[in-house]
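For reference, the structures are reproduced in the following blocks.
Two complexes follow with subunit A in common, the first pairing it with subunit B and the second with subunit C.
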Partner chain A sequence: MLSLLLILVAALFFTGIIIRTKSLASGRKGPGIIQPIKDVIRLFKKGSVYSQTTSIIFQIAPTIYFASVVMAMLVIPFGQSKGIISFNGDFIFFAYVLALGKFFSIISALDTGSSFEGMGASREALYSMFAEPAFFILMGSLALLTGYTSFHEIFAALHVGSYISYAITVLATFVLVMVAMIENSRMPIDDPKTHLELTMVHEVMILDNSGFDLGLILTAGFMKFAIYGALVVNLFIGMVRYEYAIPMFFAIQFLMAVSIGLIESFMARFRMSHNAQFIVALTSVSLLIFFAVLLILGKFA
Partner chain B sequence: MNYIAIGNNSTIAISDIPEIVYDDFFKLNTELVANHPERHCVNYFGYNYGERIKLICCIADDNSHEIFVSSCLVSPTDTLKAFTSKLLCFEKFEREIHENFGIGFSGHPWLKPVRYSFNRNDKTKTIANYPFFKIESEELHEVGVGPIHAGVIEPGHFRFICNGEQILHLEIQLGYQHRGIEQLFIEKKRLLERTTLAESIAGDTVIGHTTAFSNIWESLCEFERTRDIDFSRTLALELERIAIHTGDLSAVCTDIAYQLGSSVFGRLRTPIINFMQEWGGNRLSKGFVRPGRNQFPFTPELGKRLALVLDAFERDFDEMNTELFKLPSALSRFERTGVVPSADILSIGAVGMAARMSKLNRDIRQSHPFGLYPELQHQPIIKHHGDVYSRVQIRKEEVKQSIGYVRKLIKNIPEPNTKPFKLKTPNPNSFTLSLVEGWRGEICHCAITDSKGELILYKIKDPSFHNWLALALAVRNNEISDFPICNKSFNLSYCGHDL
Partner chain C sequence: MIIAVLLFQLVSLLVFFIPTKHKALFASLIVILNSLATSWLAFPALSGNTIEFLFNAGSFLGEIPIRIDGLSAWFIFIINFTSITGVIYGTGYLRAYNETAAKLNLHWLMFIVFHLSMVWVCMLQNGFAFLIAWEIMSLSSMLLVIFDHNNPKTIKAGINYLVQMHISVVFLTVGFLWVYFETGTFSFDAFNTYFGANSNIWLFVVFFVGFGLKAGFIPLHSWLPHAHPAAPSHISGVMSGVIVKLGIYGIIRIISFLKSDYLLLGEIVITISILTGLYGIMNAAVHRDFKRMLAYCTIENIGIIGIGIGIGLMGIGNGSPIMYYLGFGGALLHVLNHSLFKSLLFYSAGSVYQQTHTRDMDKLGGLIKLMPKTAILFLIGALAIGGIPPFNGFVSEFILYSGLIEGIKSNDLGQISLLILSIAGLSIIGGVSILTFTKTFGTIFLGSPRETLKHKPTEVSKTMLFPQYAIIAVMLTVVFAPKFYLNIIGNLLKGLSSATVGFDITGFTNYASTISNISIYSACFIGLIILIWAIRWLATQRLPVASNATWGCGYVAPNAHMQYTGKSFSKPLGKIFSFFLIERKNFDELSTGEIFPKERSYSSYYHDFFEFRFITRFSHQLVNSSGYFKFIQNGKVQSYVLYGIVFILAILIISALNII
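Right, the complex of A and B next:
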């Protein structure tokens, strides 16, 4: 329950902080922190326009996408407090309920029949496919290390003690942050600010969505950020008491948003063909974690 | 001789242009250009001459600083042997003649409409039924972009044939911006109207096009330009180059999602165009160039201001360039993206920056100097790789070069001429040609007058006319997601092409 509230609060500010960081870095004042939320509220007051070439898929997809992100949010724990849903193997549920949402957003993009959206859908599918092993090898390694298979138990049992486990935490943070960047279509994989359909990944898939549906998709995006931020936080706060853990949660979320903003200000986007290489390289970082875990457990003879 | 050699901005009697039969005309012009990289066709057009069509071909020679003009009378029902069958660089010109007059060209591989001019020969050819190159394949797919641009720029349609993310072929269809400018030049009789028209040919090359028009008009009226007029125009042309190149650098950074470059270069463009406001009352230089006079004399006070503006500009410009050209993520987007080999550049007759980025030295400031350029001893900046990186480098270095020229020019500001000016009526039965190196490349204007000295033809060629094809070649075998950056690195004009 606690994690749900914290994630929702973080989601309110996360995107606003990124945008503000980027504005300040380029010497502009920039919009207020909650401007993205105001925009979404405006969208929620509007109706949606549907192209005549689309079918029911296009109309239900935003809702399913939104619902999938909410479901995924429910399994995230916060330190010693469980998520609203918690069971053995819930991290698999987490990954695939998000994948379900993504699957629907992909087929709804194809449903519009636009050549742009088809390209975007194919890119998104490719990148998610490459990112999946990175996430699972990471979570599998942590499960192996702790001997549990639910988010709550894994994180509660994760003691940062030896040097090797410090290394694991650092690598795991890196992998989770990068997976968050890929899942949320941020730089250096995708440029969320671009107006050029030919270079877009996620944005081009939602070109035809409008009004309420667009609001749902954007809100889901805000929450996704906070969800991955919460996962990163969980790596650190296993045994920490709440009065320290809660400020830490916000500090880490804030840091993550600011660093995303800085990355987006001071580097150029990858060439599209380099993205695939980059994402596959993430998997090898996950494999490092896996070998480190084997080392700790003494599985190497 | 079968042709007459003239200099830039010189007026000759129309009867002085030798008129030869088409076979000789074909042989002469193709032989002039073939295997001579220093020569290229600056304009080739036709106009109604009684019942028949007179074709005039102008070939510029960069070494001898001359332009070879020849002409030929043909009938609209003729089918002629296409120059294009020998040399690709005539391709667009022959398409235009075919579109306007219906003259057939045998051996032309791509006789498609150019811009759907209002007075075209075949009105059944419309923008809606353009014959696109088609593919019959299950694996390949087509992506159509435009004509409505996702941002705020002009309309044009781009049709890609792709294999997955890879572009195999791009066809560019233009003509959405056609305003009938050339016809308006003839219909509008007042000089002021015509000058404002010249300013509107391409909104980003106001000084370039207006200078070309003014030079033509002054040449037709036998007006001797005073030094202060040439000074103002040369200075303004270089300032325009600095401003637009800087803006382009910003746009290229936007397209690779490099926010710092995008905002810093974007900001740097402003002081330059604000200076134009200070000097000439308009940030986009409208109302600045007027034939026969120096509308806004350059004073020593302005010179001091400009020196300050440039000092502040150059410091930040250098710093930002250092950042940009050492940033690995930016370089990886620039290098080996959108390569046009120099053989292709030569064969399609690209001009200006698009030529210089791929080893081809084409710069009117050096080859056919006008204004104060003879004194500046301009040395063009040549790059060798023909990729986005070369095009970005050219912009960076040309800005630096232009700053140098501006500093040199304002050391010696000429006294404004206070004598009241009087333009005569244009010479009758004359032909004039003016070449100007705008920031994008060579601008060519040609004018022909009738027996009363009235314009009967005004022909405009913006550098974009040739260079759009260079873009289509550049994106081949590139990723489709690199199209925007290739496009921006050329930054061609839609309205300059469509007229």
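Right, the complex of A and C next:
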């Protein structure tokens, strides 16, 4: 329950902070940090335009996408406090529920019969396919390290002790942040600010969405950021008491948003054809974590 | 009573004499009655009471044990359900062929024989009788595949299937004979003696190849992508749903007799299975022919089932009950699940084929507006097969993931690494299957039509829709009452093998309750979707809604050919894995002097790696080398008479000299 509230609060500001960081980095003052939320509220009040080609799929897809993100959010724990849903193997549920949302967002892009949206959909499907093993190997290694299989128990038992385990946490943070970038279609995989439909991934998929539906998709995007941020936070807090853990939560979320903003300000997007390789490389980082876990557990003996 | 059931099965052959018009109806009735009868026979076995009796088959075969244990009963129920839906769907699907009496006559007769032979395969526990039933099953299914025998491609696919099934029979025969010579009996009990006294590996490998050919493990899979597109859709549905599962049945049956080497065999099986899954789904992703795509997807699912079997074997090897139960439990549940959603997908794809007469998805588009029910049915099948909650595929995949994760708690470095890689493999399979099915669903049903079809497609008849609704109803019971199925599976696994007698089932029951909780969460999830949909409806009902053309970057005259195609959707994947997704393109290149190019055509297609690189090469070599012996068969009667004389003389001389 606590995690849900915290994630929702973080989601309110996350994207705003990214945008603010980017504008400060480029020497502008930029909009206030709750501007994205204001935009979404405005979208919720707007009417919609639907393409003549689209069918019912296009209309229900944003709802299902949003619901899947909310469902995934319920699984995330916060330190000692469980998520609303918690069971052995809940991280599998987490990944597959998000997959449902992805499935619908992809077919809704194909529903428009556009020449660009299919391109974005194809890329999104491919990239998230490649990101999947990185996440699963990471979670599998953590399960191996702690001997538990649910998010809550894994994170609660994750003791940062030896030097190797610091390395694990650093690498795991890297993997989770990158998975978050892929899932949210941000730099260096995708540039949300690009102007050309041919070079977009996520943005081109939602070209035809408008009004309430677009609002749902954007809100889901904010929450997705906060969800992955919360996962990263969970790597560190373990059994830390709430009075320290909660400020830590916001500090780490803030830090993550700022660093995403900085990455986006000073980096260019990878070449589309290199993205797949980059994402596969992420799996090898996960394998590094796996080997480190084997080292810690002394399985090499 | 049992004899009465068996006798009734003979009565069903009367379908031969029914007038063509009523044949389909009569055949459905017979299949349903046969299914009810055999299900009734098998029912007590589900709760753990093995039904067993001996059947005296004359002096040659001797006493044939007919035994229905939990495992047989599980498969018999799956066979019966899929056959019933298949025959009802087929009634609607083949309605257009009512004039071709000869075709239908053979078809329905063979369907009944096919159904019964599959049931018999699960019941017979004598090697010789088993092989007879197995052979009847292969032959009858081959005749079902070549329903459209005027088409040379269909005949070719049928013969390919026939040949490969007989290679499978050779391996099985070798296996049974091997045991026969060691123990002196064909009865399955002989396996216990054999495996107790000899090395387990080689005989298992022989049977794994034999049954694996039926199931479609790589590199033994190459009949599937030919036979499934060639067969009528209800046959593809039943074949993919059930007949390949009998390969799995055989493998699990042999495993139940094993006595040692579990760990090694488990590691072999899990490695082959992961590769099968990846290979199957990657190929499925690139193909344009949607029935071929589904065939490859069947290979993928056989891989997933195999992963379960591998985990289970490793579980027995490690003495870990939880791995044993989760592995085999996941495999058996996935057998059920796959038989459900794969037949659903083949039926709905068949509806599309019936209405459009093309299997090339890049010629279709926008069918959701013309065939909304079929579209939704296909979508449900697609979600379920991707293992996405809240559908049944997730339940079995979750069990398999849990089995893998329980497995990594072991102490053996090799095992841990293998299982972690299996987790990664399974997750890639899941990811690519999303790519495959978004592509297929999106290309066939969404967007706008890519080509004008000769007939405007309409929604198919109720006879064809009803079986699909029935399948979805059963799928939902797996989602919302998983405990029912898991209890049955737990029961049948308890007595499966002598090696697992003392295995503690509590770990598995704990997982069963976790899975029941997941079904509650799935229900909540559906509730959440409905809630958000309701909020959206409330919030937007007063807002203006406009309808306009799709955004085309300001280009105002887009046409349907400018839509993204299925081919391009999966092209990036095909490019990355081009080392085994072999693409060939047919086109004339523009020559240097050609200033005004003529009209030209372009086509591209994907080869099956194993078929293209190994099987075809090998069979070409075989055909070539047999060319050297052509001179013997020269067509001259004189030479043949000469051969006869030479042969007789040889015999005379040899026996005169007392050599033989």
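We adopt the following convention: the second predicted complex is superposed on the first by the 300 of 301 C-alpha atoms of A that agree within 3 Å, B and C clash if a C-alpha of one lies under 4 Å from a C-alpha of the other, contacts with A are read in each partner's own complex, and residues count from 1 in each chain.
Definition applied: contacts are C-beta pairs under 8 Å (C-beta built on N, C-alpha and C of every residue); 3 or more make two chains touch, one makes a residue touch a chain.
Source: prediction; values computed, not measured.
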Which of subunit B and subunit C A:197 touches, first, second, both or neither: both
First, second, both or neither for A:266, with subunit B first and subunit C second: first
First, second, both or neither for A:102, with subunit B first and subunit C second: second
Partner chain(s) touched by A:188 [first = subunit B, second = subunit C, both, neither]: first
Touched partner set for A:44, first subunit B, second subunit C, both or neither: second
Winner by number of subunit A residues touched, once subunit B and subunit C are compared: C
First, second, both or neither for A:166, with subunit B first and subunit C second: neither
Subunit B versus subunit C as contact partner of A:88, first or second or both or neither: second
Partner chain in contact with A:119 - subunit B first, subunit C second, else both or neither: both
Overlapping contact positions on subunit A, where the subunit C interface meets the subunit B interface: 115-116, 118-119, 122, 197
Subunit C-touching residues of subunit A, taken from the complex the two chains share: 44-57, 60, 63-64, 66-68, 70-71, 85, 87-89, 92-93, 95-97, 99-100, 102-103, 106-107, 110-119, 121-123, 125-126, 128-133, 135-137, 140-141, 143-144, 147, 149, 197, 207-208, 211-213, 216, 276, 283, 290, 294, 299-300
In the complex, subunit C residues that touch subunit A: 365-366, 368-369, 379, 383, 386-389, 394, 397-398, 401-402, 404-405, 408-409, 411, 413, 416, 420, 423-428, 430-432, 434-435, 437-439, 441-443, 446-448, 511, 514, 517-518, 521, 524-525, 528-529, 532-533, 536, 539-540, 543-553, 558, 560, 562-565, 568-573, 576
Parts of subunit B lying in touch with subunit A, wherever the complex brings them together: 141-145, 150-151, 164-165, 253, 255-260, 262-264, 267, 327, 329-330, 332-333, 337, 479-484
Complex interface listing, subunit A residues touching subunit B: 22, 25-28, 115-116, 118-119, 122, 187-188, 191, 193-199, 264-274
